[in-house]
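First chain written, first letter: the chains are A, B, C, D and E, and each begins at residue 1.
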Amino acid sequence: MSSFDPKIIAFCCDQSGYPAADMAGTLKLKLPRNIEIVRVPCAGRIETIYLLKALEKGADGVLVFACYEENCQFLRGNLRAKARLAYAHRMLEGIGLEKERVEICHLATNSGVKFVETLRRKSEQLKKMGPNPAKES
Amino acid sequence: MAEKVDLSSGGEVLIIGGGISGITVALELARSGIPSTLIEREPSLGGLSASFCCKASESCNKCFACVVDKRISEIYQRQDISILTQTEVIGVKGNREKHQVSLKKGKEKIDLKVSAIVIAAGINPFDASQKVEYGYGRFKNVITAKDLDEMLRHRGTISRPSDGKLPKTVAFFQCVGSRDESIGNLYCSQVCCAYALRLIKAVRYQTPEVKATFLYMDIQPAGASFQEFLASCREDKGIRLIRSLPSKVYHSPLSDTLRVRFTDPERGEVVEDSFDLIVLSVGMVLSKEAKRLTELFRLSLTEDGFIASPPTQTGVFVTGACSGPKDIDRSILHAKSAAFLVQQHLSGRF
Amino acid sequence: MPQIGIFIDALQGSIPASFREKISDYVKKLPGIAFCIEEENLASSEALNRMGKRLEAGGLDGVVIMGGSPKLYEASFQKLRHPLPFNPYLFAVANIREQALWMMVEEEAALERAKTIISKTIRAVSNSKPIETQSLPLKPEVLILGGGVTGISIAQELAKSGLHIFLLEKGNHLGGKALELHKFYNRPLEVQKWMDEKISEVKNNPQITLFTHTELKRLDGHLGRFQAKIQGPDRTETVLSVSAIVVATGYAAKRETKGIYSHKRVTVFPEMEKLLSETKGPSLLWDGKKVEMVTYFLDGVNEDIKVDSINAVKQALLLQEAFQCQVAILCKDMKVAADGMERLYRKAREKGVLFFKYEEPPKLSIVNGQIQVDVRDTAAIQKKEQWPVSILSDLVVVGEAFVPAPETESLSGLLKIHLGNRGFLMEDNPQLLRVRSNRRGIFVAGACRFPQEVSESLIEARAAAQEVMALLSKGTYIYDLAVAEVDPKKCAVCYTCPRLCPHSAITVEKYGERNVYIISGTSQETKWGAAKVDPASCYGCGICVAECPAKAITLRHLTDEQIYAQMGLME
Amino acid sequence: MIKAEQKPIDEILKYLNPYNKILLSGCGACVTVCHAGGEKEVELLASGLRMARQKIGKKIEVLEVTPARQCEPEFALELSETIEKVEAVLSISCGVGVQTLVRHFPKIPIFPGVNTSFLGETITHGVWEERCQACGNCILEKTGGICPISRCAKQLLNGPCGGSSKGKCEIKKEADCAWQLIYDRLKTLNQLYKLEEIIPAKRWGVESRDSGLRRIVREDLKV
Amino acid sequence: MKAGSNLEKVLEKRLFAVTGELGPPKGNDVSVIKRKAELLKGYVDAVNVTDNQTAIVRMSSIATSSLLIQLGLEPVMQMTTRDRNRIAIQSDIFGATALGIKNMLCLTGDHHTFGNQVDAKNVHDLDSIQLIDCVRTMRDQGRLLGGEEKIEGEINIFIGAAANPFADPFEFRVIRLGKKVAAGVNFIQTQCIYDMNRFKEWMRMVRDRGLHEKCHILGGVTPLKSGGMARYMAKNVSGIIIPDEIIDRVVKAKKPAEEGIKICVEQIQELREIEGVHGVHIMAIEWEQMVSKITEMAGLLPRPKIE
């Protein structure tokens, strides 16, 4: 396996993603290296430009951890995040980048296991896809 | 290091039981500016509902487990609630105005003078081994819904305790220990139907090859969008809803599966079916700790064996599942209304 | 170069000493570090006092705590707030335990990850600005919409706690749907008498100003200064200024009247309840004839609402005991998930009530003046050909469909609160904890959210009262200005943010100063111009910030730079 | 307001191929309101362009700016120093903005980034519908305030045509037939008599675009 | 007399007129016109020549009409406002009348996106009613639209237009017919009729306003070839209503084509009894050979010869 460690930016909603990350820590579940966790009050705070700037400035993949539908503390933050991801996907398709580089994963405060599994799966997937050709060298 | 118990912010109210009900009463009183002391027998807060996993499938199935986690982290952030874990009540004296309560934390004894006491001692899941014919404790692959919950929370996927493999067929028995004359529990625990169906939906969403069979008497609704939830369960091909309670479970050594005997209403006769895993939806019974507290506070029990709430002037309030089976949703609601009563009782006094 | 103070928390040894040394060596070499202190357990009060004194010395632009999850420390920040002039938003936490030490396989990887987290956190805190707290005075005045059993009990509870209540009832009498009930299923109480006492107590309670025949016409303002324009019977309009609002407008019942349901021998629960309470004699008369056989057809409409099952069993017991009728109850599932219902259900079976659990709905037909009900019971064990059974009944009681009250939709538009499934108020979101709406200061209770048994609605009423008290009891609402803020110069007034704010906290007003436009021909003022966020109602979620096409809105406690800093990619 | 939609990015990349340093200019007015060319979209498109070119190894430098309104000479001239530094300009303001820049900067290639669609009304957030063709001689008073020139597929002045059924236009099944709306509207205002007189042929050649380039001159305002 | 065309004479003499319809070829193959003309000769008083029907490019209506004149048939030149602006329309009318064409049908025309030139720019400078008014001005006042100078020569044209009683809003359809009459129309050919009750209701409203005296109304009929055609027209062609009983009759019939003809003949007989209907317009699209059979079975033969 190539020694390439995909750089993943994980936007974690403070209501579900970030506590799930803490729980994964307390359960001593191991994460792949090279993962940046960004704490935002709600997935709705994540602007589409963050997703694109992340890929542009060197990330190989972006993961948005949002609450499940109908479980968002701010009622529609997760739906807005999904809509912005769709916009980003259209943009990525336009410039020939794989859609899988940016993905959303719904979870709740106590989904530590799902948090780690998603990140591991994504890291493997990005290893196969190879580094992000569009990142600033 | 016996850290000196900091009672400066203890205030007027003692809350016994650190489950979701106790925590909510403490939080609501704190929001109204009334400091309180919360004591909990276990080393950590959250009680039974803190060990629940998230049961969402495509979208949230409203099991409220994540709300419990949030309330726990919120209560640690408040500084006007003093939390004493591994603490028990050993004696109480005093009348309506002032209650003299003595607590035991490890070797230390603490005495408190409070004007209101809230009992939120919660419940224990019914001991499934009492239903001998289901073989809980004898057969490895017969587990309770609580065990499955913890398995999903810590390991993320369902697996058979005997060999750790993914069970292809799972049976859920409802009303284990509730609505049952032979045990003497003549009440419905109200939560197990929705709880089991949510577990099924979560498991089937994660591992669609698992086929579930749900053996029930009457499906009890829970929450405002239960109709759509139940309709989606009925449409799901992998879930069989059969209105009959099983009578016996045997272990068949050759195939390491469990044979279950129950009546199939369509064919109108008794049938036997084999399952890789059996999950018992155990009901609620008053916790031993709660029984001790009822004697201590000279409270009475209801017909169903839960704590009857005393007249409010006595300054003693009962909330949560120990006063009658409730799910997390209604426990929070009842805790808020109890907090309001406490507040009225205190303001009545000031 | 901003001066940053560093505290390394050992968290009672859960971060090993070796790891801590490497961290402190790394930190000491970084530019702009004022000091780097290690603490055994930062959350303990002594450590906090030491930290407080050290911060009092001043000369710091920010503090970074290296330890566990930020959630552990937010409490200690709050404890620090009072004695110390150090703004909590200048604190940042480097989560090196949960998200570095415990998450990496080898220690070396954990150390390297901890270093990146630390450098990112330092950069994030160095461009964060202090955020002050504000307090909003709250008059102890509450508006309650809906004079049903929920509305009047909230009014009573809050009046007892010293608040002044404006109770608005659209109709001409108080009591709402509960007046159709005569007996509780679990309390030996005459509902009518109990309701009359409550109504009279509300009527002559000085704390409660009662408006009947009155409707809410318009609502402006936010928490603490809602301006509710109400219209009385003679079309006079008054404006109430209240701090909080509780919606308790209840539900409506829609009776099926097509086909056989319009037959005179088919009735609904309220009529049956009235009949049972008025008839004294040993036998029950319906349309002049003696009633021997009554059938209850449940779950035809509200399959997931318990009220029909509860009322059916209660009435069946009364019919069997007092009027020697034979009762059959047809349902998909018998709802016993209410305190004491299982015992009532068993008592009904002992008294001879027949229960049928159907899958396909039973067929009703008229046979010489009576209603024949054919039903196939799925719980029975007999062979298929013995079913369906046809029950010849003098009276069939059918459940009415519970639908939202007619004005619920317009009310949700007026109050800018969301509608949930089936048109009831508020979506079924666990985070709302049953009584909160999507707007701060507006609460929802009782059947208008979800139709339920009276005793449940009373608990919900008291819970809503508690929410109001928690808000108004201190007289002021203290909040951090960690909210969104619109730059009027950049705002293109495109109305995106008021539409998308889930908490309806944004309204559109004319820049800073109030440009008042008089609508031609009327004296009505109107404000038009840039969007404005009401700081007290904003939850700080940042949805509007991300949606604004002109990037005119900033989130004061989490700006773009801070997020880019956390991403650790920017130069 | 003018409504516009962004061009697919691969199309933009085609005609930007020869240039390695461009200015991407948005506009703070109409295209901001319809989320096609505001500051947010400028950032997004800039990032997309950089990544696309980075991917094929032909880096591009994108300067980003969003004047308040691109159809004013002063705002356009504000960009002059930056424009000197670039090889081409990509403007995601409406067609007017693009051509304002072209008039002021004749020597530099200027490209559109959006397709300017129509003058439209907001139905709900994110849904806009055409309302006006700017035909220069408004006939709304004749049709109860509903314009057949912009909302009828055949621009009839004495509609509806034989294809209107159940209130819908035969050309686009989901679109309302303008003349059905006009009929219903005038019926509620009980002014149906207005539909009985023949509306004469429109004088296209005098006021509409068919009269050639149109110019409004307000002597009272001229400086 | 407006133009002295055969159709006008038949109608003025209160005889029951019969008009056919002929679709020009998708090219310049004159033999197609000859073949269709032969099938219609002697069975109809005049033949409608469609103008790029459903926006599909065909030989122009003027050319085909003048060819029909040489073949001894009287054409009714259809003209749509979709493809020509007012300059082209008026100059075409000069040409047509010069070539001896005496009848004209003024239509708005099908939208160009239905045809095979979807990228075209449609014109719609005038609409059908403004076109009628324009032609009447040229004929009666000898002036061009909005122009002052006299036309060199006489424009004698018998003006016709279409009407669709089955489009919505139904109660407005008669008012619109009134507008066409006010604009100077001389005869009307309706959309093909299947829903007889609705047509009768429409005729009643026409009679209430006395429009049936101000212009000659010919009922349009189209024989159904098969069940499939019936279902297709009912579903896709808006402005045509085919009641289910008629669709069922054609679908269930052993020989659908014959059943279609039988229905068409019944319709013609029914139209003859309706007061105010002065003729029938048989639109046998690509089935011209059936016109002889239909006219014979409906007892419309022989066609009157009027000097």
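As a convention for this text, a contact is a pair of C-beta atoms (placed from the backbone, for glycine too) under 8 Å apart; a residue touches a chain by one contact, two chains touch by 3 or more.
This one's a predicted model, so the numbers in the text were calculated from it and none came from an experiment.
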{"item": "Those chains which touch subunit E and also touch subunit B", "value": "none"}
{"item": "Centroid comparison with subunit A (C-alpha atoms), farthest chain", "value": "E"}
{"item": "Centroid comparison with subunit D (C-alpha atoms), farthest chain", "value": "B"}
{"item": "Comparison of A-D and B-C by number of C-beta pairs in contact, larger one", "value": "B-C"}
{"item": "Inter-centroid spacing, subunit C versus subunit B (mean Cα positions, whole Å)", "value": "22"}
{"item": "Averaged-CA centre spacing for the pair subunit B and subunit A, given as whole angstrom", "value": "34"}
{"item": "Chain centre separation in whole Å, for subunit D relative to subunit B (CA means)", "value": "61"}
{"item": "Separation of mean Cα positions, subunit E and subunit D [Å, integer]", "value": "41"}
{"item": "For subunit A, residues that touch 2 or more chains besides their own", "value": "15, 19, 47-48, 53, 70-71"}
{"item": "Residues within subunit C bordering two or more other chains", "value": "71, 428-431, 500"}
{"item": "Subunit E residues counted as touching two or more neighbouring chains", "value": "none"}
{"item": "Pairs of chains found to touch, sorted by chain label", "value": "A-B, A-C, A-D, B-C, C-D, D-E"}
{"item": "Contact footprint of subunit C on subunit B as seen in their complex", "value": "3, 6, 28, 31-33, 60, 62-64, 66-67, 73, 76-79, 179, 186-188, 190, 193, 218-228, 230, 243-244, 263, 265, 268-269, 302-304, 324-325, 329-330, 332-334, 336-337, 339-341, 343-344, 347"}
{"item": "Subunit D residues touching subunit A - in the complex, by the definition given at the top", "value": "8-10, 13, 40, 43-44, 47-48, 50-52, 54-55"}
{"item": "Interface residues, subunit C side, partner subunit B - complex", "value": "44-45, 71-72, 74-75, 78-79, 157, 160-162, 303-306, 333-343, 346, 357, 378-384, 420-421, 424, 428-431, 433-435, 449-450, 456, 459-460, 462-463, 465-467, 469-470, 473-474"}
{"item": "Residue ranges of subunit C touching subunit A (in the complex, touch as defined)", "value": "69-71, 95, 97-99, 102-105, 109, 113, 116, 120, 418, 427-431, 438, 500, 502-503, 539-543, 545-547, 555, 558, 560, 563-564, 566-570"}
{"item": "Partner subunit E, residues of subunit D touching it in the complex", "value": "153-167, 170-171, 177, 180, 183-184, 192, 195-196, 198, 200-201, 204"}
